[in-house]
Amino acid sequence: MSAINPRALQTSAEVLSNKKVGAYHHMVFAVDGLAQNARPGNFVAIAVGGEASSLVLRRAFAIYRSSDKGSAGGVIELVIAPHGQGSKWLASREVHDHVDMVGPLGTSFGIPTEPVRALLVGGGYGSAPLFGLAEVLKSRGCRVDMVLGASTAGKIYAPLEGKRSVSSMTLTTDDGSVGIEGKVSDALPQLITENESEIIYSCGPMAMLKAIQEIADKYKLVHQASVEESMACGIGVCMTCVVPIRREDGIVRMTRTCIDGPVMDGASVVWDSNRKIPEGTWGA
Amino acid sequence: MSAINPRALQTSAEVLSNKKVGAYHHMVFAVDGLAQNARPGNFVAIAVGGEASSLVLRRAFAIYRSSDKGSAGGVIELVIAPHGQGSKWLASREVHDHVDMVGPLGTSFGIPTEPVRALLVGGGYGSAPLFGLAEVLKSRGCRVDMVLGASTAGKIYAPLEGKRSVSSMTLTTDDGSVGIEGKVSDALPQLITENESEIIYSCGPMAMLKAIQEIADKYKLVHQASVEESMACGIGVCMTCVVPIRREDGIVRMTRTCIDGPVMDGASVVWDSNRKIPEGTWGA
Amino acid sequence: MFNYSTKISGTSLPNPILTASGCAGSGKELSQFFALTEIGAIVTKSIMLKPRSGRATPRMAETPSGMLNSIGLQGPGIDLFLENDIPWLQSQDARIIISIAGETVDDYAVLARRVRALPNVVGIEVNISCPNVENRGMVFSCHPETARAAIENVRRNVGGDLPIIAKLSPDVTDIAMIAKEVVNAGADGLALINTVLGMVIDVNTMRPKLAQKTGGLSGPAIRPIAVRAIYQVHESLPKTPIIGMGGVATGVDALELVLAGASAISVGTATFGNPTAVMKVKDELQALLLERGFTNFSDAVGFAHRPENG
Amino acid sequence: MFNYSTKISGTSLPNPILTASGCAGSGKELSQFFALTEIGAIVTKSIMLKPRSGRATPRMAETPSGMLNSIGLQGPGIDLFLENDIPWLQSQDARIIISIAGETVDDYAVLARRVRALPNVVGIEVNISCPNVENRGMVFSCHPETARAAIENVRRNVGGDLPIIAKLSPDVTDIAMIAKEVVNAGADGLALINTVLGMVIDVNTMRPKLAQKTGGLSGPAIRPIAVRAIYQVHESLPKTPIIGMGGVATGVDALELVLAGASAISVGTATFGNPTAVMKVKDELQALLLERGFTNFSDAVGFAHRPENG
């Protein structure tokens, strides 16, 4: 067994349910053994478009929840934002349809060995992997506060059952249609102070993650960020999904977010590298 | 209104029914006004593969039956052989799905002004347009004999209700699984003699049509053949679907089978022209 | 008010959406689906001196997101074309760009003289992406000398007002160099791109699927090649108007080519999949430009070339 | 008994299915999905002298039936590559074809010396479809002189047994001419084709989508171009083994390239869509060949070239 993608399986996953929730589709798949090794932060890669598809690349989706118990065998749940051709195709699959799925892939959120006070920050569908994380953290005795942001109310994914594991839930929207009007990052300083947060876990658009890192730096907090770069393969063979990461040896290397991510140490990421390469960066 | 494609409309056709019949799918579509001008021999051109399709060309299908009365409004029936990606996609459409359809297209079978003794010859799904033709001929007082051939029994499309309009029905199969063992052309001479046929109408693979033309020549019969050339557009703009036709001025011209066909005077076709151009042929 | 008009050298068109040569029949076939006056112009199939049978069938093969064709310029020849096709288009009030194609450098001169002064003809597209029978069938536009010679022959025979548009093949090492060559030879504009040379093998007969073996690849598959060619050529010749084409089926596709530098868009293969594709592209492109705040189509031409902080 | 083995000059492989350079990571990534010994050989990403960051992101754009990439040969450089990647592949018993890429003609000589005598290395693929920094970034294989010079430099440094395979760009006017040039310069085989230069413009930012502007087009969209290039080159150099690639995702696709003249098949982009694509191609191709009555894979190579009545 390889050291890379060690737990990944390829399976024909059956759609068990597909429900519209706000702007998103909550989908449940029967995946056999694939669920078994899934940890919060991992993702799956799905082939889209069907038999005669012109879409040749897989699409990555964060695992919202997974379970390998229950009568349906292994089950994976995803939250899909119908956006372009691939996600729209996926969101329009019906119960009993099958899709080709590879997973679990990528790194997972690091779980502290001791109980800590964790702040979970999600943007849009970026909340998806945070609920599974919250459950694990809570089961380890952590305090979990969550803040979710989006442009508008319908784009906040925060199902009731997901809220069970959090001590507090704050919402922000750009248009003020629910919660605080503004960005999640606007809400962070006060939340960090009030909840005495010790670690930030985040998932969402790169601009949001960068803003969070600046706050984490200021408050000297560890920040585990789940980044989202365009991925062609999801399994580490194409080198399209890289971000510049300052490694322990001090050298910045273009690093695959599908293998060494999506969950990365926010402090190691050279943010704001879109369309440029930081000076002195090396290959992988 | 143009002189070319004068009756063609483009519509989003709804699947009303899709039933497997032997090797084929019998499909019914609600097509509004498109059915109104359909005559036996016409075809429709359908976009295949859905939103993210890699299949950029339409597929042509002979109209099996059409009706513009009834509660469903205009209705078109097709007989689909699931063969490659396009036809398989179409055959797997479900009730209420929509497909983009253009039609009716092409020439139709010429109907004699006086009652004649007609022999209708179909190969495989080539029988589809013949049943509508048989009804029209019968309503004009013609005697209609039909012979249908295929490689094997399951590939003969001859529904019970279609047989109403024919005086005799002969089947041939290459493997002898139903009817006479052999090709339709083997059965023709005897049928022509017995039924005193005066005109042949045919639809099927090019090799079959060619063999029928030889028999028609021998018995000095008019032969209206519905040919099947690869079509990219179905509306006369691409010039891919041509066959060499000897026109009245004696000059052979590469002639579009989607506009001047699919029903053509068999005697005017320069058969056996696959992969070569007859000497002295002109453009259109 | 949105100004959708565009200029190809001396010619103004009410909108920039055209048919692609060889993909709109004689015009009659499409006129059942929309009025030809609705589009900027109809580009005719490439017409040659003599009637031509074209290539043997099979002449086409579908490919992933594209198709191969080897029609081989089937057509009635210039005489019958001027007798039948052009008068009909004129009777429809269509704006016409005549595409001409030669077998020899001289053919281009003769054809140019025949088409240079006809009502409703607003441009000549010179298809030099076709085989030169005097030189081992090598494609005119693949070599600077023959590309130049063909265009010079047209230029010598056509006065100043009627734009001469050279249509280039992408099957070259350096398309910007060929573009410069033909502009120096007198072309007022460029048409980019013709089809890409390809082949499909039929795995059942185990021979090339097309009777002619090779054919021209068109459709969405080649769009990235078209965008690149247009971008490169617009970069080196920013003042030369370009008719862009290659895999345009939607307004988004057209916008890509316009941003890369196309002043007009020809829709080819998409018409085979959808008889009203040209109208769809016209409507969608206008809506996209409006959404992006453009009030003049021409402001969007080459907009992707603006400086990083522009 | 079906004989699936193939020969690339001096090297015999148990089957003709390979990965494509730059599309299989270091091998480790795929070994989770199948044993690397199952395929003919693994072709490594093109390795250069020094560590290289590659290009800025975005580095990729999906296109109809294809994708653009501008990875820009990101890699650890030859030292770390020989220290880490190669020993791991050797430990797996994988057959290895090392792909090398230079920035200068001299780089090729240096790289050739570093890789010419390594256990399990069964061939050198010389990627000359990359920019020559000494000559305005022009691609080596787009010009006969630089293509020849790079291959000569490898030939001078590699003994007779290890096949030298020149990988060519399709972005040229005459690929058969370039192929002859590099074979005359000492290449034992050819790899056809590298990606086709393309561009995508993001209609939201209204700029080229890739940070690098242009990128290489790969995937099924370019398969007809690959088949044509392989057919043309096999026709003019029937004895030179060709590693064919370009849009192969199924056994049918592979069969097309084999019939056109490929002695081996690299699977690239298809692996991104399906981690087990190489195995799928291997199994399907074998089944198709058996169905068609072939008992030796090698009899199918170039079979589409047989005379009309053959």
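A, B, C and D label the chains in the order they appear, each numbered from 1.
Everything below uses one rule, namely that a contact is a pair of C-beta atoms (placed from the backbone, for glycine too) under 8 Å apart; a residue touches a chain by one contact, two chains touch by 3 or more.
The model shown is predicted, which means the values in this text are computed figures rather than measured ones.
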item: Chain separated most widely from subunit D, comparing mean CA positions; value: B
item: Subunit A and subunit C: spacing of chain centres that average the CA atoms, whole Å; value: 46
item: Centre-to-centre distance between subunit B and subunit A (centres being mean Cα positions), rounded to whole Å; value: 54
item: Mean-CA-position distance for subunit D and subunit A (Å); value: 35
item: Residues of subunit B engaged with two or more neighbouring chains; value: 54-55
item: Residues of subunit D whose C-beta touches two or more other chains; value: 64-66, 219-220
item: Contact graph of the chains (line, ring, star, complete, other); value: complete
item: Contact footprint of subunit C on subunit B as seen in their complex; value: 1-6, 8, 10, 47, 54-58, 100, 102, 229-230, 232-233, 235-240, 242-244, 253-254, 259, 273-277, 281-284
item: For the subunit C and subunit D complex, residues of the former touching the latter; value: 63-66, 68, 142-143, 171-173, 196-201, 203, 206-208, 213-214, 217, 219-225, 227-228, 231, 247, 252, 255-256, 259-260, 288, 292, 303-304
item: Subunit B-touching residues of subunit A, taken from the complex the two chains share; value: 48-55, 85-86, 88-89
item: Interfacial residue positions of subunit B with respect to subunit D in the complex; value: 54
item: Parts of subunit D lying in touch with subunit B, wherever the complex brings them together; value: 64-65, 220
